[in-house]
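Let me begin by handing over the structure; questions about it come next.
Just so it is clear, A, B and C label the chains in written order, and each chain counts residues from 1 on its own.
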Amino acid sequence: MKLLLAMTTALGLVTGAAHAQDKTITISVYSFGMDAMKAAIFDPFEEVCDCEVVVETGNSVERMAKIEANAANPVVDMAVMSSHDALALARKGLLQSMDVSQIPSHADLYESAKDPIGDHLAIGYGFYATSIVYRSDLVEINSWADLLSDELKGRVALPNITGTQGPLTLLMLGKAMGTDEITFSDTIDAVGEHADDIVTFYNRSSELAQLMMQEEVIAAPVGRFAWSRFSGAALPFKWAEPEEGQAGGMNVMLMTKGNGNEELTYQFIDYWLSTEVQTRIAELKLDSPANAKVVVSDEIAESLTYGADLINSLTTLDSGAIIDNRDAWLDRWNEKVVN
Amino acid sequence: MTSKWTSRLIIGLTLTFLIGPFFIIIFAGMSAGDFMTFPPDGLSLKWYMKVFTVESFRESFALSLFLAIFGTIAALILGVPAAYAISRYNIPYAETIKTVVAAPIIVPGIIVGLALLRYLVVPLSFTVTLALFMAHTALVLPYAVRVVSSSLNNLRSDMEEAAVLLGCSRIGAFMRVVLPNIQSGVLAAFILGFVTSFNQVPVSLFLSGPGVRTLPIDMLSYMEITYDPSVAALSALLALLSVAIVFLAEKFLGFSRYV
Amino acid sequence: MFQNNREGLALALPAALFTAILFLLPVGLLLSEAFKIGGQWSLQGYVDFASKPLNQTVFLRTLKLGFLVALTSAIIGYACAFCIVNLDGKNRGRVFGLVVLPLMISPVARTYAWIVILGRTGIVNDAILALGLSDTPIRILFTETAVFLGLLQLFLPLMIISLVSALENLPKDVIPAARVLGASWIQVFTKIILPLTKDGLVMGGTLVFTGSLTAYITPAILGGSKVLMLETLLYQRVNVANDFVSAGIIATILITMSFGANLLLKRIAKARS
């Protein structure tokens, strides 16, 4: 009995501990750069709002599944996602249309970040370019088509189709092959023919970084946000500027519907989008700013996806097209590539 | 003696295969570089030090420890009487009961996590911690029943029967005669359960919430951020902790008889 | 044996009910989703699942790897367990402790080590190049071989443990006696050791096979998305496509395979004696 008593007390302690402070905002973010994000955004915001910021991390699909599962009684107040993941949640009616008058910093954003999926259901907070990282001492990359060249046989990795970078890679491969078919059928077939020459289809940029450091892989498409993993390394890595250009996308913030914590959520979103915080994040090379008022040095800009010219030059995939075609891509991929 | 050398060779090769990777982990954690390599590029203890400074490791370690200790105790509270009933009574549906209790071993962990999330956490507002606690208890239960049963089977039942004949109550006989004789089996079950629970991965893949995450899952998500050698260092530290526990258990209990 | 069965039932029921209600019921509900398509009871989910070539490949690969891992561990396991049993008391405890040891180490850590060992610049490839077995490094990571090695290392201890306890119960003098009477080692193994240790083999075989089917970390890290196994496919279906129907189907397949293997092994064991 004593034991049972001790057990229930201990359980109570563990479950109760999270609700110590009365003002709490629960956010769901990418796990990338977590410690730095905490220091740059979450901790200072706790000072500003006199509240507690509870952070949930994980990969986006997992985080989406949880938001959907908890729709009736949202645990998470605010989340950051890729724009197509946000659109998927929006189509399920899980997102709150935001009142941008409550978010003063909204006016300072690049035009494309202001209302990326319509109805103010999401706000862009960071851009990324996608290109190819390669070992400049071993290969030369001038085109996306080089990924499937004989030179890279057995030494190349591609992002998995299930992630954000995968479809972008297919888009650019298609461009290099001269097709702009959104079904990606020819492109996927081409990857399938070379499947044995591809080391793996990676899911996380950290996994790719390890593989490139141990020289398993010498070239792979990757998002610019992961570039700092490579640029600081001892091995000679280079960021390709392929003739077809770079691909890219945007990450967005969203608010869950009916979370009952709107006021604090607006305050937090506004804080994150403010010129001050966006500049801080940019200088730490954590994210490329969506706030057009952010000014950074050339050295910082070099590691980011910075400036209107670059942002406008990126080849992007329409969020709706991603969602509508994703199942078909995955089916064909499963049949032709990983089978 | 050739057979003696063959025997040593077989044991040596098997142990190299089983334990070698573990040494590699220890040394990979000592790398001075930013990535896992073996042999390590330069030696340093910085990653071992870093382990202690990562806040989420401390929190998830506490959760895993809590689940392993209390989940196993709960499993023993349920499991010891069940094992006793199975080995000493001629109960109806004994096979069914055995199958039900043993079932968690063969249900894929991912499914368990997903099922509990979908049917307990979401609709019934169980906390994630409670769901984890229940899942871990159920997972450890089969081991508890098995290990305690095997201890009970090694104990002749005529001792308790004699005690009962001599006027002892059934519970009294269990407390005075049976329990003292199986206590090392119970302790062995505890250690086995503890370790099973502590290292459990798939169940917890879906069962994590804001601030609630078991250590192995935290290590996995740490690896999503960076493959730096601190995960290797942490693994090595945990392994050494396990080795210490097993060593002590073996020394005082002859633990390996029960596994 | 006590005869008061009501008392016995009262002792056993809490454990059974706990598992049944809080564990098996939710799992059962999830499995049943695979039989419901658009609210209707139907087997269509299974038909669709089986018709996809990838699912067939993954199913066969999982079965094959599970079988190979179980078979290899049985072979190594018998050799090793036999040697362990013949050690004197003190060494036996030590070696046995070392065999048990890996079970105590987090599978995340154990799998992680293989990335370094099997990589292009890892020690296995260094050895292959040094011995001149190949001119260029061999790609091992993200192949079935990598997954096989990872699983074998993960589950071999379970087989050795099961076989050691089975061999310990073998009367000490039967093997020398059989040898004196002229039996070959093969005869000793098939006529004496195998029949007398079959329970241990069934137990070990089930644990290893089931473990290999349901391991997640090893195929996820060492196989990646190129060498999918049922468990990693399940995770992908849920996480990428929110596809609970496929999840339920894969889970049902995994559970059926585990049960099936256990029954089959028991049957074979019975038939032998």
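Here, contacts are C-beta pairs under 8 Å (C-beta built on N, C-alpha and C of every residue); 3 or more make two chains touch, one makes a residue touch a chain.
Nothing here was measured: the structure is a model prediction, and the numbers come from that model.
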Chains touching both subunit B and subunit C, listed by label: A
Higher-contact pair (C-beta pairs counted), A-C versus A-B: A-B
Subunit B and subunit C, separation of their C-alpha mean positions in angstrom: 17
Rounded Å distance between subunit A and subunit B, as computed from the means of their C-alpha atoms: 36
Subunit C: positions in contact with at least two other chains: 115-116, 121-122, 238
Residues of subunit A touching at least two other chains: 59, 62, 65, 210, 214
Residue list for subunit B, restricted to those that touch at least two other chains: 36-37, 118, 206, 223
Subunit B partner contacts - residues on subunit C that touch it in the complex: 1-5, 7-16, 18-20, 22-27, 29-31, 76, 79-80, 83-84, 86-87, 93, 95-110, 112-117, 121-123, 152-153, 156-157, 160-161, 210, 213-214, 216-217, 231, 234-235, 238, 244, 247, 251, 254-255, 258-259, 262
List of subunit A residues in touch with subunit B within their complex: 3-4, 7, 10-11, 14-15, 18, 26, 28, 31-35, 54-59, 62, 65-66, 69-70, 73, 75-76, 204, 206-207, 209-210, 213-214, 229, 233
Subunit A contact footprint on subunit C (complex, rising order): 52-54, 57, 115-116, 119-122, 139, 141-142, 224-226, 228, 236, 238-242
Residue numbers on subunit B that touch subunit A, as the complex places them: 34-37, 54, 56, 63, 66, 70, 73-74, 77, 117-118, 121-122, 125, 127, 129-130, 133, 206, 208-212, 221, 223-227
Residues of subunit A defined as touching subunit C within the complex: 59, 61-62, 65, 68, 154, 160, 162, 195, 198-203, 210-211, 214-216, 327, 330-331, 334-335, 338-339
